[in-house]
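Pasting a structure here, questions to come.
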Amino acid sequence: GLEGLVCVKDFEERALRTLAKHPLDYYQSGAGHEHSLRLAKDAYLRVKLKPRVLRDVSNCSLKTSVLGRPATLPFGVAPTALQRMAHPEGESANARAAQTRGAVFILSTLSTTPIEDVAAAALDARKWFQLYIYKDRGVTRQLVQRAQEAGFEAIVLTVDAPIFGIRYADTRNKFSLPPHLEVANFKGITRSDMTSSGTGSGVNEYVAGLLDRSLTWKDVAWLKSITQLPVILKGILTVEDAELALKHGAAGIIVSSHGARQVDTVPAPLEVLPGIVEKLKGTSCEVYVDGGISTGTDIFKAIAIGARMAFVGRPAVWGLACGGQQGVEKVLGILEDELRITMTLSGVGSIEEINRDYVDIPSVWTSASKL
Amino acid sequence: GLEGLVCVKDFEERALRTLAKHPLDYYQSGAGHEHSLRLAKDAYLRVKLKPRVLRDVSNCSLKTSVLGRPATLPFGVAPTALQRMAHPEGESANARAAQTRGAVFILSTLSTTPIEDVAAAALDARKWFQLYIYKDRGVTRQLVQRAQEAGFEAIVLTVDAPIFGIRYADTRNKFSLPPHLEVANFKGITRSDMTSSGTGSGVNEYVAGLLDRSLTWKDVAWLKSITQLPVILKGILTVEDAELALKHGAAGIIVSSHGARQVDTVPAPLEVLPGIVEKLKGTSCEVYVDGGISTGTDIFKAIAIGARMAFVGRPAVWGLACGGQQGVEKVLGILEDELRITMTLSGVGSIEEINRDYVDIPSVWTSASKL
Amino acid sequence: GLEGLVCVKDFEERALRTLAKHPLDYYQSGAGHEHSLRLAKDAYLRVKLKPRVLRDVSNCSLKTSVLGRPATLPFGVAPTALQRMAHPEGESANARAAQTRGAVFILSTLSTTPIEDVAAAALDARKWFQLYIYKDRGVTRQLVQRAQEAGFEAIVLTVDAPIFGIRYADTRNKFSLPPHLEVANFKGITRSDMTSSGTGSGVNEYVAGLLDRSLTWKDVAWLKSITQLPVILKGILTVEDAELALKHGAAGIIVSSHGARQVDTVPAPLEVLPGIVEKLKGTSCEVYVDGGISTGTDIFKAIAIGARMAFVGRPAVWGLACGGQQGVEKVLGILEDELRITMTLSGVGSIEEINRDYVDIPSVWTSASKL
Amino acid sequence: GLEGLVCVKDFEERALRTLAKHPLDYYQSGAGHEHSLRLAKDAYLRVKLKPRVLRDVSNCSLKTSVLGRPATLPFGVAPTALQRMAHPEGESANARAAQTRGAVFILSTLSTTPIEDVAAAALDARKWFQLYIYKDRGVTRQLVQRAQEAGFEAIVLTVDAPIFGIRYADTRNKFSLPPHLEVANFKGITRSDMTSSGTGSGVNEYVAGLLDRSLTWKDVAWLKSITQLPVILKGILTVEDAELALKHGAAGIIVSSHGARQVDTVPAPLEVLPGIVEKLKGTSCEVYVDGGISTGTDIFKAIAIGARMAFVGRPAVWGLACGGQQGVEKVLGILEDELRITMTLSGVGSIEEINRDYVDIPSVWTSASKL
């Protein structure tokens, strides 16, 4: 049962004990020696709270708005591939849990459940679709089309993955998608297995073979030309690229290091967030963040620094692994409770009130070497 | 016996081995993953002493004054709830030990011994009463009345606990106050048990149900209107709130993170002390501090930075657990000896002489991430 | 087999398990308590990447130029002595692997294979010769002559080793070169064994006995007078000496702490690199770096900070120990792949594009004390 | 045998395994939780070397001068009490070893061998006498007289020990000087045993009972009035006291935390050295340092920062414990060799050349909390 699991770390530890080695390694790993993986979490600890007292906190609302529409929660589920390795109901269970809690759900291009099935499973969830652009632009166009038709309300273009980073465990495992699963959106369209050719990770080979690594900013224009949905760019870590995103008409950006899975020793997303927020303040481009979040207090800090929304990747996977839809619901519920308690004990009653005055940001952020 | 216990850490370790799991977890825990709990102690280590030599230190006095009256010692016992779980004589033994040593004793609203009994057990102790304001203001008013009549000389209003923070161990334990004990001040008045409803910590549920989370600064005025006793605000961590405390007529404030039990990743009390002392210097509002103190040298540093008095919570509980009144007496005696030795070896002979010249405060305080 | 070895650390760990104690200690050790050894690696972790997105990275070239000639790779193999202890084919295998990969290979004066044999084994490799100046200048002159004739294209004069540093393990082991091996370049010329006299390391005794510790900058002039080859100075750690190197006509310098084997608590080479690069920018003197590199990302950082080329010492030795030529080839291949991936994921397609904009250098570099 | 012991740490580890618990605890302990003990060592690691190359280092001399006379070595043996617990020949063996090596030897007032015997055992050693001022000034005067007559050339007045600090292990052990030993200088003069009364450390009780804790700067004048020997003040940690030492005619000061045995969380001596050196530069008062030195490289750094001489306490005790006179000789020999090698590899040939240009001092020194 899930009863003894009282924090996200509990879910993670349970998942680590229960998942089979290859899927676990796939979910858990970061690039290289995983310094940035540790760093991403670590950064949240280095931000200190500045709680205010004697404020009336009898009411506390987590409501916010995103992409111009009201949202129940200021956080959501980041896109993660291959969720049916964690639980038979995979992406559908995850989306349904998000729906129950009122969290935004982002579906990965590399879903093991077709877009349409996930949409049907969670009709009322706010759903965004994460897009990888395939060399075959016909395939890509069709994918965007299907997402739009299935009721997804935004396209999240991942920009930090022209190829996949080296995750040593996957290389060692010669990771392959289990044969009973497939990259479900491409069945009958293009390659939908991820079998390793025998020299390394099958998922890396899949990506190297099919995705378009020649993408540039003009492809953002192309994407906008083929869909009416707002386009969000996921995987930005520099102020310079944040500015370019604004200039190229992105409705939002997700400050992210792809779960520290691409290249090791990149900074923690939280660490670059202040500078990016500063640059995009007052513009039409919303700023979100993901990576390393495992408590509601972490979400409070992301918002205080200026993120409109925070996303969690692995925590939802751990929830899925521990108890399918119910597991994810509990994970999201814990984050919600912890965020509400952090707000209450900080003296704020609503998301809009949370700002930089409630946190203390370190002057020197990181010391990866200690990790 | 207590003979082998030569420092507060020894008492802590003994208590950790002897207390039953649920009470121990209750006493020991901090909020969340306990980064701030470690940080609170850690901060004291980062302040360095600047000992002066060739001063006549043949005499060394620990006398000071607090709230306008002379005090034997510059430190006291912080309010901690439910002390009879640690020792049958609980709050009475603790208060008697404080009386023997000449330390100020603060009794918790959530005492397992009634106000009047504690007062009777330690008639000559300097006693302050820690107040939680109940939704039922009649109950609250009555409590203040009783404290005043029982000879308590100040009301310490805890302002950092509109609700209680999440302490994972208590949640896991579904912590309940053992049935043979009660929240003694409320017997026959309002709810006096702390039985968990089965989903989490009984003490958190008790607080969520009974305490008033709509408190604001105007309630300080209300409290002052119902008692002649000086009002001290406990749980302040920002310069802004310290200023408001002064403005609203607090006789003193305790810079405190509630033993790091409310929300994790708040700064160490010692770390925010310099700024607060600076702001209240020369005003009518005295500044005290608690959290993380475990040696007499720690107390020296708190005083050097500007605290008029330092309080210890858990150390007294460990004393109680190891040997009742005698245990607390030894703990307080160790702190007294260590403070005197630190003074002697720093070249100061009285509390008034201790100032910022005797310590070196780090420019960058904390790195929670390493904890 | 080498199949399970997917990163340089894997090679290191395998070598640690397979090499005999004395050779292993010799290869592995740093001076003293090895703080600088850890520091050298650590420094690379403290530099953060700043990856740029939406750049066309479908092509990625590692080509560069060094000493005025094109080079296949921006990294090479640093000179390490006594390689036949690691593998029977020693220096020849190492050089052949460098040739296969297109890496510059630097042969040590203290080779266990004669200059001429190494040259013959790897005719097409770009080979430089590392020189120790012997008290006997005739011997030295002859050595330089032979290198030049054998097709080595530069003389790398090691300037940080008038004597050898204390490596405690070697002292304990009374390290001697195994009797079936010799300092092959000196057979029949001068002493070619390294037998310990029984009080400490035989290699230290050899160096103390034969090398000239009276070398000064005028000996650089002498060296230039006896050879047409460009002279590179290896072992510079200060801006002051970098300037002197330029002034005395060095074609390049290797910023290096000799693998942290000379004196402990010197800074990491990477840490002093920015200042030195700054000083030599735009001059005729190229700047290279070695020490602590174990991933392709490390190489990317060295280049970004301004090194024209980076060298690896121990990684090649571990490759040799694990699989001779094939082992070194795989090590160099891993570094190449990792560098290419780091470039791709940073948004750069060629070595020339890599610059300071792609990294974040810490303001405070090192904290050896934590190591 | 001593053969396998190649660095001071080896001696320490051997001593830790061979000494009986009570003496070992006495020698090893620092005050409190020993943060400053670790800090003292740690500080040396944080200073980085800046080695210069291509200097003629064929000659390297360790000669220096101290108190106006030439000295063979720039380091010596700090006074440590009760040396016959470590080896039957105690102080005599230690002094003889110092004589052999040419190191200054400081004898403790609390010697287990009489002044005269130590002097006789090491007639040619440079010997200084460490003085504790007893309440009984007659006893004190007599002691100074005897030292002067026995050929000691300076009085080292310890100013940081009006009482002794709390060393928890000694308290637990109720440490007593073994009955076959005595505080040899006082036999028949005043109390010469150190038997614990049963509540704590006998050495602390001895000191509390006999030493004069009313000492002030005027007692320095008194001391100077009763002896022609130069007076050195040992135990200074602030710039302010260094200035007062100069003003009161001290011939030298030892920047020292008494081996971190007095009060915990004082800074490392090395850390306060730069400020003190700066203040006394060019005056008649020499500056020495002790505490935490365990390699010749540490000594190089102390000199580079401006100490005229560095002293080692425990390293000599470990030498004594491992092999009496021979053990100390080897320890001092290791330090000498390591210092010479550090000089050679830094490009300096004499003590006078060593200066601040050869080291890099951290801007932020300490982080005791990590220790």
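Residue numbering begins at 1 within each chain, and the chains themselves are lettered A, B, C and D in the order written.
As a convention for this text, contacts are C-beta pairs under 8 Å (C-beta built on N, C-alpha and C of every residue); 3 or more make two chains touch, one makes a residue touch a chain.
These numbers come from a predicted model, not from an experiment.
Looking at which positions face the partner, chain A and chain B present mostly different ones, since fewer than half of the interface numbers are shared. When the CA atoms of chain B are superposed on chain D, the rotation angle comes to 90 degrees (nearest 5).
With each centre defined as the average position of its C-alpha atoms, the distance from chain A to chain B rounds to 42 Å. Between the CA-based centres of chain B and chain C the separation comes to 59 Å, rounded to the whole angstrom.
Multi-chain contact residues of chain C (touching two or more other chains) are listed as 364, 367, 370.
Chain contacts in this assembly form a single closed ring in which each chain touches exactly two others. Taken in their complex, chain C has these residues touching chain D: 32-33, 35, 159-160, 162-163, 165-166, 168, 171-172, 213-217, 219-220, 233, 235-238, 240-241, 244, 262-267, 364, 366-371. On chain A, the positions that touch chain B within their shared complex are 4, 6-7, 9, 42-58, 295, 297, 301, 337-338, 341-342, 344-346, 360, 362-364, 367, 370.
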